[in-house]
Amino acid sequence: MSALELTRQYHFSAGHRLESPTLSSEENARLYGQCYRPHGHNYLVEVTVQGRRDPLTGMAADLGALDAAVKRLVLDRVDHYDLSSAVPALEGIPTTGENLARAFWEWIAPALPAGALRRVAVVETDNNIFEYRG
Amino acid sequence: MSALELTRQYHFSAGHRLESPTLSSEENARLYGQCYRPHGHNYLVEVTVQGRRDPLTGMAADLGALDAAVKRLVLDRVDHYDLSSAVPALEGIPTTGENLARAFWEWIAPALPAGALRRVAVVETDNNIFEYRG
Amino acid sequence: MSALELTRQYHFSAGHRLESPTLSSEENARLYGQCYRPHGHNYLVEVTVQGRRDPLTGMAADLGALDAAVKRLVLDRVDHYDLSSAVPALEGIPTTGENLARAFWEWIAPALPAGALRRVAVVETDNNIFEYRG
Amino acid sequence: MSALELTRQYHFSAGHRLESPTLSSEENARLYGQCYRPHGHNYLVEVTVQGRRDPLTGMAADLGALDAAVKRLVLDRVDHYDLSSAVPALEGIPTTGENLARAFWEWIAPALPAGALRRVAVVETDNNIFEYRG
Amino acid sequence: MSALELTRQYHFSAGHRLESPTLSSEENARLYGQCYRPHGHNYLVEVTVQGRRDPLTGMAADLGALDAAVKRLVLDRVDHYDLSSAVPALEGIPTTGENLARAFWEWIAPALPAGALRRVAVVETDNNIFEYRG
Amino acid sequence: MSALELTRQYHFSAGHRLESPTLSSEENARLYGQCYRPHGHNYLVEVTVQGRRDPLTGMAADLGALDAAVKRLVLDRVDHYDLSSAVPALEGIPTTGENLARAFWEWIAPALPAGALRRVAVVETDNNIFEYRG
């Protein structure tokens, strides 16, 4: 593990409902409760990367490139969209915080140097934090 | 104006889209931009009431009654719902922050002592605060 | 009203219970519920003053003097104390947010230039804000 | 370690004083300073659990069951109580953040699947964070 | 006064020092203390406007136009600059919160409909809030 | 690793610019963009230490001693100073978050018991968190 980790925060607003495609409407309502109803959130996404400090620049990661990757691969796909119906890459999977954190990891990781990505956290509300370390 | 004002904060999560029923789809898209797409927010609602301090109890308002009124008249209607399609009382009006603040005022005010309600604020995201004083 | 208002935030931690000296134990328990039990809070106090901008210094209030007054007259009396039993100046009054805001106003106002004090807010928890304008 | 960790936040308000039963009053005052005086806090508790994602539901933990356990085993015992005198399970131990984090861990862990609990954090004030990993 | 007020938050990071051009170095050091030394802040600016709700759109202000005006007239001039040496429009005035709030008001007001601007707040640190209502 | 970790938060305000002494002015401007211009921040520093709980006191670290060390070794050197020109210990190194986190670690670690320091985080803005574990 590198001694240096850098975390950037990103925000997006999206609609969603929790729904498993393999369950009936009654089963979904029982399982997910009020989250089965279409609603939405202001999501906070934290992306943590590690890197080695370049002594010349004092920087351990190219945060501009990270921002561009997160914007293109995550925010442009989900911000001001309905996650449950308007995001092809999420089709057929319940849009739980767990699945979102994992999906965002899989979308971002290939665009970063191997091993750079350390953690993706999805904060759905202040009280609900989902962290994925792939 | 009373010397004492009390503010309570409430939270709900809801879906919505900005859409005016009198406009075409193209006009709505031009006017509201990305907010015309179905998305959602974690909303914060602040309700400010004034009152006279009861010297015996040291209290100027019945916050338990306020909470019950806000729960019944606002939160139960909007929390984990889609504001643009599943809230009859909002039907036909664009669900802007301005309209939400005004609607919540009109829903709550009759349940409080005359003149008690002073301000309803709807915080859609940290950067967008809508305040209504009826 | 002056065009300029300045607000400073202060923090203290204190114990308290809500209790009216004129009520029986049963009546206090019924009126205040769980707040009748000894507990405590991290309090946030906001003090807002108005002033005229001194063109030479660009300042409208002596914030150092304000800090010193609030420290001596409020924080030194209440920080890390039990408000309901260890603060003589609060003896016999229920330590509601309303009463605290009013008491702090009365303690601070005489130490400031006449008319300078505009607002004292006591934030007991994020969801409970009590404002007093004397 | 599982790739998925979920954190929930809980709040309670309580009184306390730092006091070691084996020390004299003078020794306690010297050791704990102003914290030996009865005071109180708004406490934030973070509980982190790990789990395996159920592909059907997209969930890695039963957050409803977690909430119920934390409510019954922690919040119902400490919220709006004085930690130093009214909580039998804390009797005789100094109510430092370290001891609270450890106690809450021990209260919660047996109610969760083996190995599920990963971290209990007690935030006494914004500046004081105590984390326990049992 | 309109019943509707809308507040937008903006952020910028800048260096500054408090220094009055009419005072000697010793006098500045005595007056401003450590703030006479070059340092800096993450500033938060709140801009509050009032407006009448357009029944067709449900909006009371053109927030896009407000954002563009604040960007062009405030943020582009001050973000990632040293306020005390690199902002011509602030030359010769001490860069206190009072003066910044007043300057930003004067820069923004002419770009908005007459009477629309209601309040400019400059938050230098969490504990220092300067509000100007011209 | 000890089961107990304690984190304290500290704040300071400072000016800086990103500049590598080995690069030309044009190269610095290209590399660091707007951060090459003198500006500033409200910095948040988190210091995490581990320790063993003393059963007598219930404490795992001497937070008073930690505060004193951080004040003397970090805050007194950087608060209300320009990091890029007025802090001898930072001379010649770019004042990136990476370098600051590493420098603060090196300044603090020798003053603490061996192995006690676990993490230094520098939060430059809400969106930029730099963590160093030496």
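Chains here go by letter, A, B, C, D, E and F, matching the order in which they are written, and residues are numbered from 1 within each.
Please note the rule applied: a residue touches a chain if its C-beta (ideal position, glycine included) is under 8 Å from a C-beta of that chain, and two chains touch if they have at least 3 such contacts.
Bear in mind that the values here come from a model prediction, so they are computed numbers and not experimental data.
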item: Length of the shortest touching-chain route, chain E through to chain F; value: 1
item: Identity of the chain that, by mean CA position, is farthest from chain C; value: A
item: Farthest chain (mean CA position) relative to chain E; value: D
item: Matching chain pair for B-C (criterion: over half of the contact pairs shared, by residue number), options E-F, B-E or A-B; value: B-E
item: Rounded Å distance, chain C centre to chain D centre (Cα mean); value: 29
item: Centroid distance [mean C-alpha coordinates] between chain F and chain C, Å; value: 34
item: Touching two or more other chains - residue numbers and ranges from chain E; value: none
item: Every chain pair in contact, whichever chains are involved; value: A-B, A-D, A-F, B-C, B-E, C-D, C-E, D-F, E-F
item: Touching residues (chain side chain B, partner chain E) in the complex; value: 18, 20, 22-23, 31, 93-99, 101-102, 126-134
item: Residues of chain F defined as touching chain E within the complex; value: 11, 13-16, 34-35, 37-42, 79-82, 85-86, 125
item: Complex contacts: residues of chain F adjacent to chain D; value: 1, 3-10, 53, 56-60, 63-64
